[in-house]
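Here is the structure we will look at, set down as structure tokens.
A, B, C and D are the chain letters, set down in written order, and residue numbers restart from 1 in every chain.
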């Protein structure tokens, strides 16, 4: 369906003009700016301009103790705060050789996966909004609301949870949470079927995504794209499987991959992932051990042995890695946050060349960008 | 006294006054409808999305359109620097007036049309093409890149959809043998099986014809899923980006007036106009019921589907709608020649 | 030709199915809470801004200005002053300022407090047009509250979240509304 | 109940990239979070990147560390393998007063943004980079906030 050949000579200087998509534009969901050199409706060059909400999180990391930096990790990618906190506490625990009680690890998995579902739901709604369908957004938020209620019940916060602690959890879950989560899992499945008939099978929607914005395996590798983007290109790369962390090896789940590499493939990966998240949550609830949720002997003043430590997790948008360089002080020497959205967006310039404007926006939506995640 | 009123009515029934009266009524009707269709749209969107919609202004949010109008009117009309001032100001009016004029030939009930002219359909389509011009001029004159892209889109979209629309209407003119809308409605009297939509003995593809008409109507009025001109995730607000206050308000009202016109036309052409579905108790009420059902469908469609792709939209027109409508045209002429000559 | 016809039919069918679904939702009750007129009950563990806890026996603040919270705060938004009052065995708090404009509601302070002297309030509607409203004098608040309600609220003190490092005891029932089936 | 992986007994796996002429040191993954670690000279980073590219690795990120006491800057290249558990760290040290290192953009186009970011934060110049303008910092920024002597 995609028309590849522009009508006039593409990119001839007297034929092009520049339009700004962003930093205030309905398509960018945040303050991303894409400077697009256009030839008619064809994109000659689309250059993302980042940094509009740069907060220098890494400098903040050098100014405060490990425990004090922890709340910041919820605010990098505000849609999947749990996984980001997991990455940070994981790195610290790895360096301090802390052993996290199994109950805490299971609850981390449950809450991370709930958070992943909520993140994918927001993406789903916002993506449909990009494509001009408004109603699915509200249905997605209706479901997401239930997750937020559950997480608010145990963490006290709806978006920036700061729920994990170095060595365990802030608080144990209660029976209401477990009951509520089971109820949610049970009622999410029919909703997914409804989403499929309402959106996934819709001919207008399919026409807008199939074959649009193909990204090859090679391009993903060269740009370091991860998460649903690389899985949509047929590479089963998932940190949960490739570099297993926490208790993920104990669960039976599939890493959905699609070979096509187009926007539809990325869409389907995320939709299938929601179903897999539900499976993981169910298994984790079944296996949930009892016991403490906080490691014993977490030192009040935490000093990590000198050296550098990495920890990677699979966030909703891909691989999130933390590198802590310590010089045996209370305050880290350097905290590097490797965020998935930055790498995922960096391929946009190459991938969007010669595309039509609406197609490029469909491609951008399918990358699932969270701007603070890029700008940090 | 009664005599005076009767005289007045008699006077008003004469042609020039009758036209004036109907125009005034029409203006009021369209204005009210445009305002309240916004309410219907918002309320409907709310219900489709499991939320109540506007509730705060007046009972059930019924005064919301008034509040909106006051807000729009109290805003400054800004003409962007470098814009073509005249065209920029004229464009909204150019969009509104054809819709108003076209409604003059719509037969709301038996003998209830401002002008019952023999070429009513022709007149509607003659005026119908003007609103394309209006959006194009609005987009062009506002000197904004989004608006210009939108202006280019609206032209190619409307050119593409004018053709199947006209082919369908020509089919209907052939089947009914007249361009007078009142006459077309008269022919459909006596139960819903006499409606053009169901007269498959004239043309077995009549429901398809209606569908094509409806799709073209959506595309011509730039309604979702064909709202390429104001695709907010791409073009912010398209041709209306630079319009503020009532400039935007008039565009907005004209959009709803056009929807109203399209639905009224669909009702008259296919759904038997003011004829009751059971053959008795015909009247204006039936026309309004059918028309508002179509309007509801338009809202319903808008809040269900994502926007089409632009080339998908043109493909749909050139590759599916035009061939099919040509086929129905040929089929009905053949049927006429063979069976109803 | 055959394929495109098939696509046309399945495509049209998918549109009809979509419209059926939205129409089904049209007649279902709304799921929203009409906010200014009704609001949700905040869950037990809701993290609002912090407030001082009154000792259920004495009615005075539990806090004795050990300044652990001040040190734990990543954004330096707490200022605590304490003094040893005449005749008292230990220090007691004399000033407790919270600069809510800087606070990120992370809860580090509540966690750092070993005596359960501060807790999260259930206050969520903190909108104001005045910046000074967010420089909160929590000690004054406590005193005002003590004046208005001299009976020590044992119940309120018990509702403070358990310190996270403690072995979790059976949480009291929480208003996590179980998600109702709405589809 | 299985214990968490943080407690997995330390084990150093043999170097799967031993055939490459890179001075890799195998590292205990459970303790450090990566498998291979190499320190190379600054002029070798492009060759390293090309070799790792041939092995099918992907660029994870590029970052710097300011070792002010030693008068050095460290540039860290992180690589990961998209199919197997293999994380590779390549480091290089450059003088702090003249931090220059060749760009690996020709090998991994994704390095473009990471190098710009590192230039923003540390002032490390990536020689041959086509567009070393501020990426996350304001357009006119001349400061480098992650340098240890930076004060706002």
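Descriptive notes on the structure:
What we mean here is this: a residue touches a chain if its C-beta (ideal position, glycine included) is under 8 Å from a C-beta of that chain, and two chains touch if they have at least 3 such contacts.
Remember, predicted model here, so these are calculated numbers, not experimental data.
Farthest from chain D, judged by the mean position of CA atoms in each chain, is B.
Among the pairs A-B and A-D, the greater number of C-beta contacts is found at A-D. Centroids built from CA atoms put chain D at 41 Å from chain C.
Centre-to-centre spacing of chain A and chain B amounts to 44 Å, using the average Cα coordinate of each chain. Chain A and chain D have centres, each the mean of its CA atoms, that are 23 Å apart. Our note on geometry: chain B versus chain D, Cα centroid distance of 62 Å, whole angstroms. Counting partner chains per residue, chain D shows two or more touched chains at no residue at all.
Residue positions 15, 18, 21-22, 25, 31, 182 of chain C each touch two or more of the other chains. Counting only residues that touch two or more partner chains, chain B has 48-51, 303-305. Taken as a contact graph, with one node per protein chain and an edge wherever two chains touch, the assembly fits none of the named shapes, being neither a line, a ring, a star nor a complete graph.
Residues 50-51, 54, 56, 58-59, 62, 90-91, 93-94, 97-100, 102, 105, 220-225, 230, 235-237, 242-247, 249-250, 289, 307-312, 319, 321, 323, 325, 333-334, 336, 338, 342-343, 346-347, 350, 375-376 of chain A are the ones that touch chain D when the two sit in their complex.
The touching residues of chain C, when paired with chain A in their complex, are 7, 10-12, 14-15, 17-18, 21-22, 25, 31, 43-47, 72-74, 104-108, 111, 120, 161-162, 164-165, 167-168, 171, 173-179, 181-183.
Touching chain A in their complex are the following residues of chain B: 45, 48-51, 145-146, 149, 152, 224-225, 227, 231-234, 236, 303-312, 315. Within the complex, the chain B residues that touch chain C are 44, 46-52, 55, 300-301, 303-305, 320. Those residues of chain A that touch chain C in the shared complex are 64, 67-72, 75, 135, 139, 142, 145-146, 149-150, 152-157, 160, 162, 165, 169-172, 174, 176-177, 179-180, 183-184, 187, 190-191, 194, 197-199, 201-204, 292-294, 298.
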